[in-house]
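Starting off with a structure, shown below.
We call the chains A, B, C, D, E, F, G and H, going by the order they appear; numbering starts again at 1 in every chain.
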């Protein structure tokens, strides 16, 4: 995949049709990528079976439809996140072929079958039923990125027994994504039970002094259990993405 | 304990030496308490065996010594809170007879033996060893106020087993004070295991995004377990005091 | 109520059909509760006459209706909180038999008569007329949990006389829930007049620098009167629940 | 006190030695004050008997001493605020003749006797003994500015009776400065008892969620009692100054 | 206006039909006001010509209409604040006779002519056209409370000339209410030009880092000009009320 | 452009019809501007070809239409900012002749051709497609103020290559406006690549812990690259305006 | 490693000396761990070659020395974090044999040689020289936990070239820890260049609006590059620990 | 200044001693700069006469001395910022030849005479005497970077006359740096008087609700005067640097 422009230039140098100083000058004005610098392009990601991603928040349905159309030409799988009910409805009319995931607030286009390339299992744990949409976004993201994904829902710390009963499932995962709102204590308890990486996702679930997820976010950042790392409030996608990278280390 | 002034006035009314309109007028200018309105004075508290309390924070050792001297004339027990090492040393020189509680940062003067008037046991639970000073302030306060007090320390949520092993002790308490810094998750877990009132005390233990206890405070206010109420950051005294009131309901 | 699985296993051990090492192994894989560990299940709560609770916030009317249907099979009383006008209207169509409490933003299903099991009276005090919905949620919660409940409304600190005129009612309560928005000063004044536990509930009433209840919350946490504990902003349910636990100590 | 430069210019215009266009031009380049625009200079303030003020915070003792020396030439009274113990000690050595007010953290130089020019009495009320330094700064400021000043200290809202017993003193003041830390509730209660202007001063007294006076500040801004206005945290000087202006309306 | 109950009781004492101890006891249970304690009731305010006030925020039009109906029986003037367009429209249908003030978001009922009882002029200054609704609330409040009120609008600090051109009007006022959003600098500049009390009103005008008026609020609290006191964000009513009290000192 | 009133007065002084003391007095009461003090009026700005600006936020379409009408009489160019879709639609009906810029949320009226008076090129850089509306506001502002403006969009720091490929365009600009939401890192990277003034504009793009642009704002204020200055969140207009002033230095 | 108590009990059941119901009862009162529940003990961690960790912050040197002494009996490696210069000096006197790491503010005791058990290389990247102490804490932690660790320091985003020159080193790591203060932009740029997990560590480096690391923390949480997870401010230990877990997936 | 390595490589290509594919490969592994990409190195800055800068905050005197020593070899001018009194004293002993600027908290080493390369005058304005250190840092920075710098100090908005008297100096500057603490209003007023770029520097001067400069920072970001841009709290260096860039546009 050498840059043709670069090869051409060097061949001209070789052939003597371009002098060295002129070549130096041209080199400086070549587009950066033509020089072949390593970069994380979507392509490297895509070769690993990762989908192309469209963040739906702040985009209109017609814009999303247009981006999907353009992407489909590249024959890659597509993940559209952060779609509310209205936007889903609009998108459904504009573009057939998308599969909608209501719980995750997302849509997917799977053109080539998803190969499992992640080593172990990604376990998505969540505290309460209201946290499920964020958890489902993580599930869908990790699935689309080629991981075996399992779920363990509604195991909040106020009823610690349900969590403990599932200790074997916690133990057998490779990476865990733990989603919780309110006081955000679940990741600490989970990380205390296992010795695997835990990605904590605070949610905006709560009211009053939850301050739209700030309470859960601070709780997770201050976790007394080592091994916990944190993503932005409600960022199920980011957690699923990071878990996928970890599952390939 | 009727106000003598009030009785005198009414007797003069009865005797006809003070006319009714004049009496109405005098009534209005009597000090409030002479009219015998119920009030929570220290006396009521003291009759229950509660100590008199001096908040040491922001007072100089010599001022505290002077207040102690004045109080001792009333023959009540005394609790001095929020004494740092320096202030304790200064106070020791100024006033013999005080007993110092280094862990709790407090001093006491026990003139009359403390009677146990609380019904059940107050259990003070704390998450980490750094939270112990705040826990000890609660222990001392509840003890001085006539309660049976027990302690369960170093049972943070990252090692949930130590907490679960002590489930019987949790169960047998009447009121629980649960002290924790960092993410402040312990009260939620404890309140999920029992059905007794839990008073949560956030501590300023932590660094960075703990923001001097704000993280723990928000976590506790957003507890997903019902029955948790919260006091100010590091307020072991307030928690011990509230637990004492509850233990008398 | 012994676990049948556990009994079976032990009987097989006794009968010699399961060897001890195998039994140890099977024990480890039994569900946690089968081992009979004490836990706060709803059942213990329910035996005390507590209702089952559905938090309506963030749930759709149809989901609430489904949960109610499932719960009714267990023949317990039900409390649904945080219903706005629209959700109430929707729920009314979906499910007959619920009783709606407009002021409290709640609905109840009372299948078995509520027995008074709380010892004394829970007094719900509120500062302004705008705080009434939160106060009513506390009233309804405490009532459903088997307490005698009284109300003292519209006694804000800017008109201290109305509060003082009701000093006898304050004095005769066992536990007090004090609800206030804006500067949140009422719990301090009330706690200074009595020697009973006071649960303070900040409300989001106010504008500008009230910051949606933050001002009242901070005021209550910094109360100069000992014995005050605090719950989340607008959390009338939590206050009523905690008061019920205290009223059983 | 006409500007001589302006008079000179106009006389030259009159005499015909300066042409009108040239005069217009010169007018534009005269210093602003030479044109006689009304301005609040210290002089106007001083004519009313107000002292000159030096804010000690952030200035070194030697700088303060130098400023005092310069001011003394103008024969005005002087008020130096925000002096801590060390700075007072340093200043004492550098400059004899200053009178130090330890409680107020201030020093004064009274060259001409202070005349009472304020109409009524300024009453300084404070909640706790720790708030006294801020209250004393207000007392000293208002006194130096020519007001009758009275004090009512240690009347916090947790013991409302002491405040109510002093209702006649509250009633007889013209302006009230009410100083309180922690939850900052006192100004609301006071303003509910009288119909005079109340200036509320939050103090940084407290710990934990008092956030260095933020809690008291927010409480006062959200006061449910009309007629309360607020100054910066610990700003006893500003409150005493504003009270003085009000007492001259 | 003596309490009949109190007079009756004293007459019975005099007549000997009630013994002194019994009288003491009855006195303690009389409602607080029957004992004739001074209190700021609306009546004192009303005797000064102050209107009764209804805060419209958080109340429904029908509730406001009902309160107005009840108040009218007392024949006092009425001021209803914080009415948005919809609530005004609803109220108009429910209750004829109210006069609506669209700019101020308020309604009034003037039953007895407003007498000017304030000594001087209250000047309402505002920075930008968007601040006018808050300023108008202050104007209406001060007018209804019997003050001569003048306005000086659109004199923001970015065009300091307009303000300086009006220096005589600033100078001739007794009390100033200065309304500004964004950086909230206007009160500092105004207070630097005059020596009268300045009440600063931050508004929520702005976007981004104005944080709904927090920026202006902090600016005003930190004013470098002495004599400035501050009310809550958008609290034109409170400023107008405080100005009225000051204008009567 | 001498003030006629001032000239008249001086001529009367010269003619002897006004005495000098009377003239001094009259001078003091002349409007400020009549004295010819330099001021930044719109006129100076307008002479430079700057448009008159109407901030649409918080104004109703009919008010904007009225202001436009008034301004058009002065024959200046006009820029209306902060128009949402609805307001644009309303304005379109009320006032023909305006040109609407949907991306920038703005409208313009260009009466006289815009002359390029800025020295170099203003380059507007933005990080993501969601930041484009703010960037477009800056583009339009700088264009209306007489600058050559170029755009470089969608060059966020997560794909640093696209930015580096455009290094020549960065280098050839005189002033740069760099617009970014989320972590707001782009201005630091850009300022590290060039040695021209960089004006950073944080946007409210993001969710959760972006706190409506606070995250980007703080990031930009703490830029590790010298030469970056910052404007308010979403303030594309302010950035375009400042860039125009800089481009004329 | 079966619990002897459990085996004994079952053997008694088998022998018939304990009846089944009595056995059920005894089972319930056995300590939790005797029942053999999986738990994350330090032992599991230690078997992987992880050291025992002492958090030095908030502990006195003599306490740390005592804990080290106790731990040494278990013959495990030890890592002591958060030691300032004074505490190191004190500790040096109290306990010989510790090795001090001044840059990392830590001490270690290596009893058994550290085996490399991590799969790939952990690369610690930091932005500025002031961030080095936090980076070194991460280096030391990851090293003690059995990882190959490399460093890439002083590659802040304001000089993007130094970072790009090291693209091969970035590319060849398995996990990256990226440490930065001020605007915290470095993790976003790094994560955009590679497709490996990036753990971002905000530092408290900065002043003014860095708010002790809040600015960097928010920047990292809002990273526009997927795959970034975040730990607490200055938490080099937590990042090194999480990286170690990831490097074993 | 062509990279010799690049030239060598191309010459080898030309000579046929390196094949094209091998050359492509080698190109990819050349250090980034060898490829001649434009970058802002210090060199470019230095060629313009800019000094090398050492940020003293967080560095020890001995480290600073070492960096100065290394830099002196390059014969460039040096600016060391953020030196407190102690660090200056230490540095004085370690390194002779530095010139110390006490007011600015800085030191300089001027090896080659500073040439004035800035076009116009940079005017540094500050509000109060406490703001002077920050202003002096800006003065020194702009001077070291080759600008004519003037100062206008102590012209706070509470005494607007002093500012207006200096209107001609404001008018004749090319760029203005305006430094203010407390409410931070000065930049708005200044920007309203002129049409030049204004860089606003908030300072941490103030107390209470100034929140260490937050109040001034927010005030400046919300400036109602267009053309104001802002730097970090107390960042005199950054303002002086940005002003220097602007003065070269």
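The criterion applied here is as follows: a contact is a pair of C-beta atoms (placed from the backbone, for glycine too) under 8 Å apart; a residue touches a chain by one contact, two chains touch by 3 or more.
Keep in mind that what you see is a predicted model, and the values were worked out from it rather than measured.
Asker: Taking contact as defined at the start, I'd like the list of chains shared as neighbours by chain C and chain D.
Answerer: B, E
Asker: Quick check: more C-beta contact pairs in E-F or A-H?
Answerer: A-H
Asker: Would the interface of chain F with chain H count as same or different, where same needs over half of all numbers used to appear in both copies?
Answerer: Interface between chain F and chain H is built from largely the same residues.
Asker: Which chain has its C-alpha centroid farthest away from the centroid of chain C?
Answerer: H
Asker: Which integer distance in Å separates the CA centroid of chain A from that of chain D?
Answerer: Distance between chain centres, rounded to whole Å: 59 Å.
Asker: Can you work out the whole-Å distance between the CA centroids of chain D and chain F?
Answerer: Computed value for the inter-centroid distance: 40 Å.
Asker: What whole-Å value do you get for the distance between chain D and chain G if each is reduced to the mean of its CA atoms?
Answerer: 54
Asker: Return the residues of chain H touching two or more other chains; collapse runs of consecutive numbers into ranges.
Answerer: 37-39, 159, 164, 168, 192-193, 208-210, 214, 217, 221-222, 232-233
Asker: Can you name every pair of chains that touch?
Answerer: A-B, A-C, A-F, A-G, A-H, B-C, B-D, B-E, B-G, C-D, C-E, C-G, D-E, D-F, D-H, E-F, E-H, F-G, F-H, G-H
Asker: Using the touch definition from the top, list the residues of chain C that touch chain G in their complex.
Answerer: Its residues touching chain G are 2-3, 6-7, 10-11, 13-14, 16, 20-21, 23-24, 27-28, 35-38.
Asker: Which residues, counting only chain E, touch chain H once they are in their complex?
Answerer: The touching residues are 127-128, 156-160, 164, 182-185, 188-189, 191-193, 206, 208-211, 214-216, 218-225.
Asker: Chain G touches which residues of chain H in the complex?
Answerer: Those in contact with chain G are residues 29, 31-33, 37, 39, 57-59, 202, 204, 212-214, 217, 232-235.
Asker: Provide the residue numbers of chain B that touch chain C in the complex, in ascending order.
Answerer: Touching chain C: residues 37-40, 44-45, 48, 53, 119-120, 164, 167-168, 171, 174-175, 192-197, 199, 217, 221-222, 226-233, 237-239, 241-242, 245-247, 249 of chain B.
Asker: Chain H touches which residues of chain G in the complex?
Answerer: Against chain H, chain G makes touches at 129-130, 159, 161, 164-165, 168, 205, 207-210.
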